[in-house]
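First the structure, then my questions, so here it is.
Order of writing sets the chain letters: A, B, C and D. Residues in each chain are counted from 1.
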Amino acid sequence: MIETGYTADEMMTVAASRALTSDDVCFVGIGAPSAACNIARLTHAPDITLIYESGTIGTAPDVLPLSIGDGELCDTALSTVSTPEMFRYWLQGGRITIGFLGAAQLDRFGNINTTVIGDYRKPATRLPGGGGAPEIASSSRQVYITMKQSTRGMVEKVDFITSFGHGEGGDHRQRLGVTTKGPALLITDLAIWKPHPDTKEFTVVSMHPGVTQADVQASCGWTVRFADTITTTPAPTELELTTFRDLKARTKAAHAGTKRTGEAV
Amino acid sequence: MIETGYTADEMMTVAASRALTSDDVCFVGIGAPSAACNIARLTHAPDITLIYESGTIGTAPDVLPLSIGDGELCDTALSTVSTPEMFRYWLQGGRITIGFLGAAQLDRFGNINTTVIGDYRKPATRLPGGGGAPEIASSSRQVYITMKQSTRGMVEKVDFITSFGHGEGGDHRQRLGVTTKGPALLITDLAIWKPHPDTKEFTVVSMHPGVTQADVQASCGWTVRFADTITTTPAPTELELTTFRDLKARTKAAHAGTKRTGEAV
Amino acid sequence: MAAFRPLGEAVRANLNNGDVVAFEGFTHLIPHAAAHEAIRQRFTDLTLVRMTPDIIYDQMIGMGMARKLIFSYAGNPGVGLLRRFRDSVENGWPHSVELEEHSHAAMANAYEAGAAGLPCAIFRGYLGAELAKVNKNIKGITCPFTGEELAAVPALRPDVTFIHAQKADRKGNVLIEGITGIQKEAVLAAKRAVVTVEEKVGELDTHPNACVLPHWTLDAVCVVPGGAHPSYASGYYARDNAAYLDWDRIAADRDGFLAWMKTNVLGSSPKAFAGRVADLRGKA
Amino acid sequence: MAAFRPLGEAVRANLNNGDVVAFEGFTHLIPHAAAHEAIRQRFTDLTLVRMTPDIIYDQMIGMGMARKLIFSYAGNPGVGLLRRFRDSVENGWPHSVELEEHSHAAMANAYEAGAAGLPCAIFRGYLGAELAKVNKNIKGITCPFTGEELAAVPALRPDVTFIHAQKADRKGNVLIEGITGIQKEAVLAAKRAVVTVEEKVGELDTHPNACVLPHWTLDAVCVVPGGAHPSYASGYYARDNAAYLDWDRIAADRDGFLAWMKTNVLGSSPKAFAGRVADLRGKA
């Protein structure tokens, strides 16, 4: 990679970070969402509140956590609460402006599967399960999703609806009595997608520099809908890239510092 | 009062204290119950756990609190929890062995009124209300009651059942689905009463030194039932009296030490 | 988002006639200064919510500001009954107040449900208790697994909650320590929340699991030293027990009560509280 | 009443074949030493309860000890999937395990209800989520005030809960600090509870509102320094991230797994844990 270049993963994470503001209270999933949230915090959204489901509120980690319960999250948090309180007062209580999720499988309406590939009773691959996601998806005021595109991951129909997005589209959420907005943004390594105002189908509204509509379609398992006007996502700035790379470097150094003992797990 | 003498109030409080053990986890009402619990802790039951509804668990005040939320209770507690936790995990969770209550009005079945004298909608005297007592009465494994006898206080029928005792007696608790034992002991300034095994009517089982059956009846608004064998309550010991009087003296000194500012409340 | 504001301004911006309002505290940290400011601003038709109405609600009821009281124990702590509350209930002076009466367990669960965004709370309560007969907001609900009949009460969702706390950091994050009572839930259950604090500090510098209200849960933070007097603020000043005893005498008589309110509340200001606790510091 | 006991004795006295058992922890303070002792004692037919089954449940499932798993997220934290769990679900090795699968919100509420002595928990959850279709322990319940349909799940009431905590005082009162997770609720919800701690101290010496379990809520306290390894104990030692990565490799193969268990668990003892964290101290 040349000095001014960047990877598709960096573009995805930086694009995701831009969707966040200092006014947001963000319930952060691990992985790409966590990186995006912390880049936002270290660049344009210094006052963003990051909450991890381990109970840490207002955390400001110097390195990215490997798990949602790393000590770093607690050490830098404003306050750390119990798990029931986290899910009752903070998530169900309507305090979260953005639930930021990843997905193993995703459909065009933002329904997420992290439970099984195949049949629930006889799965080809047993995934970890929903964890906090089912209620993050329904109780956060809106949901952002970030994932790398692939035809395996972005499918016509998810094998299992772990976390409900817009269901079959349209007003399906309202019909189920869900009052929150649901998936409002999808950021992939190729594009930025927003739900169509009526059908709620994810629609490409911006493509990352150099990406073509054919690229987006080739790595997506459903027939992609493109907006009438599609912008080009601004490339990562020097500051964004440096921030992300420094964060990754600090993370790597910190975790390498955890010396192996070798004898047992 | 001569040096070896004691008051009826002292006898009552000391007798109440003797009913408690080091294994008890006691939910303490203010006033006489609080004094009795702390005498027990300072004499024969050093490991008793005292809980006040302000959230203080395992408290060991050096002076008697004026209210259930005095700072002294928190300062000497093992832990202080929120009010919802107190009522959910500790009381409703079945952790309390003895709920220790006072009463404005009491009937022979241990039903307690602290709500109104007269009609609820048009009361002659509006009392403070139930506070924690309705659920202390139903969720504690058993309930002890202590009060000074009077025909106004010990009545044929309470004006309002704030806290359910044995209802109309017999198996009334079980019929309502209450699984705890209910009022198991009443300590007054004249006698010790226990519920009859079948009818659950409070029955005098012990009278304090010098008290006659006529004395007990004269200050009780219902026709008193006396056990076939009535013992005499042992008089307060030197240690019990000294402990109580020292506690009262420390309490008086501490509270007098709170200087008046005079300007406003 | 919490902004540091003078108390008068915070009360004016967040309280309205007709509001459902909670001034919460459990013996410790009673928001007297905020309540006095509300009295000075002469709000009316309020639904007052509190587990343990004490002197401040006695004062508001006596000043004719309350339409309704939702409560579980109305007493002068460590002293006895509330005389203005009694005069309203027993004699209708200055007017009658509608009572919605609960137990502590019900109120605590109802605030908790409000903070948790639920419409109701369920608990094992009111068994055999007559409050269930005089309060239509106490209902039964059946456990779908065991068939047990439990009690249900509506969640409490005040329009605005006022509390007093020890300190706020420079962003307006607030720390409550010691007997924390129901304050966190009362704030999180409310549409708006105002906190008076003893002091503003750089950092809260406390235990990771301490009771902290993030600034974005609050609408205003007001620095009012002594603002809990005559109750106490753990770590700052002791309870003024004499003042509670005095209140029993002051509130005994309608004219005496009104005269006292005129001098000590209507004619006073939040600044007076610091002086009232001067002799109580170092005893907390 | 808590008694200080050796871990082997505490596990033997409190765990039985067929029990519903929770070894709880949320990334922090995972009770590895207690789980390994249970594996050494070869319990069978267990119903394993945990929000976040990780390595220790992967080990128990792989050793054939589990009849059923009640859970909400089964993963190797920071690494990926659990290979022994997958082998059981996908291939029935060593045998199939019944799954009762929930969301975190449901499990947290269910433990909370257990601690609170209730038969069930209600919450706003599972809206549109398919778990409600495959788990008969997810039901609906209607708010008697608003008519809103809420989710209900049965309370969790384990026969016994094991947790790891930082320290116990001389009476056996236990302090948990930092990410406290669901441990307090898991202990209070259980019929019996056993806690391993890093150390025994004279006094807990902590914040008044810290998370403390009184000794009379516990059946045994066992001093096992390093007992959370390879997870971490805030204030004592850091997480052994390499061990989690190693597990992915060890658990990939049935024979390799069994060989590793024989050497590192069956042939080991609680005393081994102190050595495992020696190089991780000072990094917590």
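By definition in this document, a residue touches a chain if its C-beta (ideal position, glycine included) is under 8 Å from a C-beta of that chain, and two chains touch if they have at least 3 such contacts.
Just so we're clear, the structure is a prediction, and the values are computed from it rather than from any experiment.
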Query raised in the report: B-C versus B-D: which has more C-beta pairs touching?
Result: B-C
Report summary line: Distance between the CA centroids of chain A and chain C (whole Å) is 40
Report summary line: Cα centre of chain B to Cα centre of chain C, whole Å, reads 27
Query raised in the report: Roughly how far is chain A from chain B, going centre to centre by Cα mean, in whole Å?
Result: 57
Report summary line: Residue numbers in chain B touching two or more further chains are 74-75, 80, 88, 92, 139
Report summary line: chain D residues touching 2+ other chains are 112, 116-118, 123-124, 148, 178, 180, 184-185, 208-211
Query raised in the report: Linking chains that touch, what shape results: line, ring, star, complete or other?
Result: other
Requested in this report: Kindly provide every pair of chains that touch.
Outcome: A-C, A-D, B-C, B-D, C-D
Query raised in the report: Given the complex with chain C, which residues does chain D contribute to the contact?
Result: 116-120, 122-124, 137, 139-141, 143-146, 148, 150, 152, 154, 177-178, 180, 206-211
Report summary line: Given the complex, residues on chain A that touch chain C span 23, 25, 49, 57-58, 74-75, 77-81, 88-89, 92-95, 139
**Report entry** For the chain C and chain A complex, residues of the former touching the latter
**Finding:** 1, 112, 115-118, 173, 184-185, 188, 204, 208-210, 212, 214, 216-217
Query raised in the report: Quick one: in the complex, what on chain D touches chain A?
Result: 26-28, 32, 51-52, 55, 71-75, 77-78, 81-82, 85-86, 89-90, 101, 103-105, 108-109, 111-112, 123-131, 134, 148-149, 178-182, 184-185, 211, 229-230, 232, 234, 238-244, 246-247, 250, 264-265, 268, 272, 275-280, 283-284
Query raised in the report: In their complex, what parts of chain A are in touch with chain D?
Result: 30, 53-56, 65-71, 73-75, 80, 82-84, 86-88, 91-92, 115, 120-121, 123-135, 137-139, 160-164, 167, 172-173, 176-178, 255, 257-261, 263-265
